[in-house]
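In structure tokens below, several structures.
What follows is a pair of complexes built around chain A, which joins chain B in one and chain C in the other.
Entry: the complex of A and B
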């Protein structure tokens, strides 16, 4: 069902859900939602709702392929993503286990957090992350990154800084080189599902760098993860990235507030 | 690991030593008043928190969390589907033929007559348990165990009731029907056998399920009211609830028909224990899943199905009595009194020494379990009343 963002947006400068180009959707988050796990979180970005629980660091299972001896130098991060059958508008039928989308999200999350966390503190152990998507409305990967970060903070696993993800897109197909004189395309922050299906978008996750000195700038951020599945002319990448990184900054403040707010209780 | 999962359908056997098993068994089998590890009475359930209508993207949803941290979320989605007319007509004709041939009236004939009959396959259930694949034994077995009573419970007609039960409710007209997808999500590792949790959550989700109001009539292609506020509940409700708030306690007031509930019951020696924890299941003689529903005609509870579940106590290691233990041989310990329970094999029961439970369960015990669930003011009514207390919709 194409909703045709690219024809209405230039006229109104408002997106389908009434946001302007640089507005995030409403983010609601909670940590310690499930007492049965080491750490857990609930995160809603607009209509995308994600529950995440972390188990570990614990001794690896003996039965798995790595034989329990894996991670001699540090913990192994396991990610399991489950997109519920009722998450999208139409109920999805899956054949035997997992589909491609959840598999890709899982492997991206695994490699992102494997290098992000201070895993060397827990040799011979496993940190298993379970992500369940209750309702999917775009920016799944970005929301999953944020939910995982909150759950890992709740589990008390050391990391250099919060890993925050965000998406950004362009308001048109952006397949031709950018013309600086006649630039009619706007970057869009935090794309929703209809936008995601129609427009080029990328997912970026940033973290703060480890403070090395006293005079270090606090706002210095590092891109930790960057994925893009759609096609766009390379001249637009810089704009999209800048908007995405700025979105990550806003999300970091929100997540910070959630973590600080929950410890006060 | 996979082999172990397949072997024990009741739950992953917890790592409990024979001495601990024997201790739990002894305290649970105390005549009259079992002492449970968590201090509950025999019929007491664990405290739980529940909420419904949590997912706006579904037709109905619910979340239930037990105090031990296990949580489940159920989402119900409905889709309109074209009824395969030819096949149904054919099977019906075949059935009639079969009935004529055998000369008897087959039981299914009466149910499937007319256009108001539905098919059980219109309700699909999928259970997601972390660490298990969709096609592992446990999720498949659980799903079928909950789907069966749901589909097969045929409530009596009456005004406001559901003719033909849930299957009949899904029929739109001769050519179209609803297909119901029930997706169950267990959010944590199954600490105990998750059946009661999943069953209660599914019950609440189905109660909160709404279907759009049908605007077309008769055999027209279905056309629905796009006003979600006008949507009708899948399980119809009595309209006069707002005018008569003083309902008689104990009676099912708001809902004339309710989905069935499956309860997990275990027996330890002569005692019957409800809502068992993992340790209690590990020592149980018999584990039964009993499905009950509220019968509209008699106003009492009706038994829908009983399933036995393979008790994990069969797979535990036996304890070794001192008289046979090499380490304690010749020690001055007092000789234990042993009772020979099977003269042909010489198998004997030593008090305080764990022996895996083998063999079946007495008929009297099963009868006792069923009676405790069904009787007026019994456990079944208590559970349904408790669920009634959850604000739905």
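Entry: the complex of A and C
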């Protein structure tokens, strides 16, 4: 019997790493790990481990094309993602230092944080974020978003709320329309690398719930980032999104605790 | 709103309605509520009767020395020197290079504004701490120039910032010499490498200088200093002595 999620999950209702469908992996995080930078963080989601450091807001580099024109109205966010050669199972030797995956993560993070942060407070400046992936075990983008948020909070850069990312997938290929009578597929929260390679998944990031109306607890989650690279039948999207957004909510509470715990010290 | 404020805010945390609070530093307004923008302790400054009607809510990055959030007492134990140069701060700087359009100086001592006003008061001179004295006594001596100068904050005095009158007639060589100690105020934080300093005030300019012969000179007018041994006068932009 092949040991993969799509065959074992319907039998056991447990995933390969023993989680149920709605369980996050263990999240451990620290803030201010690197005193040399303006803000820094360490975040581990299961076996995905990320170090993030933020420099700035600092004056944009001279001769930088973005520093003069685009930086006029607000700070420019620069993101640099480095996936260590030893991060995944097979060691990679790369000449350039950046590959397609890290480039995509960097550009997604850049556009997410560029529009998220209060950059208008820092005209003509640059906020540079450096993300180092020490160990890659799925949900890289989501973990990077969370690590960046912690580092930016540590750097004291104003933002409307915490940006928290999470992934969600389906426990099968989900390529045919969903049958409400015979629905055997479960959504999976926080996918790991084997699940990511096998199953369709999406990454979603939300900002702090924004209360609407007069009711104090009437929360409205705001999706700030949503990416999906795999194919899935559109009838499953809503379920996956709902699970992902709920995961973001759980992660926000964890990050809240990390920030509060580190400020107390 | 009756609910009490959190002692520690997280970005995105709602602090109160705009109707009762004004948004201070570290907060922003969204959907007519004040939210925290940064993580840190929350302070409420009560309304001053004349200037504002609402209490200002502030999120700071570091805890204030006064732990009581309702008092607005200014922190009294501010260091008097060795702070970062800020705009309007009075600084003492040593001239390291004189060029045609500007003089390069390295900042030795920064007096912040409250300390500077005291320092300008003759009853309490600026040298009430030994640190400044020790720096300055070694400073005006040309032999003492060390590489430590380069580690200090660098600043520029541009030609047009030397004095307030006849700006276009300024000749930098007749205003400063390398090794002079200059009192100036910061006009701009400048760029990555230099602060900008002005001496365009009567009480700003060269305060200590040595003559070509190497003797400490005393000021005789606003643009002249004299060597007590040889009697030779040299031109400087002299600060008014107290």
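Here is the rule we go by: the second predicted complex is superposed on the first by the 242 of 265 C-alpha atoms of A that agree within 3 Å, B and C clash if a C-alpha of one lies under 4 Å from a C-alpha of the other, contacts with A are read in each partner's own complex, and residues count from 1 in each chain.
By definition in this document, a residue touches a chain if its C-beta (ideal position, glycine included) is under 8 Å from a C-beta of that chain, and two chains touch if they have at least 3 such contacts.
A quick note: this is a predicted structure, and the numbers were derived from the prediction, not measured.
Touched residues of chain A were counted for both chain B and chain C, and B has more of them.
Of the two partner chains placed by superposition, only chain B is touched by A:135; chain C is not. Judged by the touch definition given at the top, the superposed model places A:34 against chain B, while chain C stays out of reach. Applying the stated contact rule after C-alpha superposition, one finds that A:15 touches neither chain B nor chain C. When the two complexes are overlaid on their common chain A, residue A:25 makes contact with neither chain B nor chain C.
Touch criterion met: A:118 reaches chain C, while chain B stays clear of it.
In the superposition on chain A, contact is made by A:85 with chain B only, not with chain C.
Shared contact residues of chain A with chain B and chain C: none. By the touch criterion stated above, chain A contacts chain B in their complex at residues 34-37, 47, 49, 51, 53, 55, 61, 63-64, 80, 82, 84-91, 94, 96-97, 130, 132, 134-135. Of all residues in chain C, only 8, 10-14, 26, 28, 30-31, 33, 35, 37-41, 61, 191-192 touch chain A in the complex they form. Residue ranges of chain B in contact with chain A, taken from their complex: 1-2, 55-58, 61, 65, 68-71, 73, 75-77, 79, 126, 128, 130-131, 133-135, 181, 183, 185, 187-189, 191.
Residues of chain A touching chain C in their complex: 59, 118, 153, 156-162, 207-208, 210-212, 256, 259-260, 263-264.
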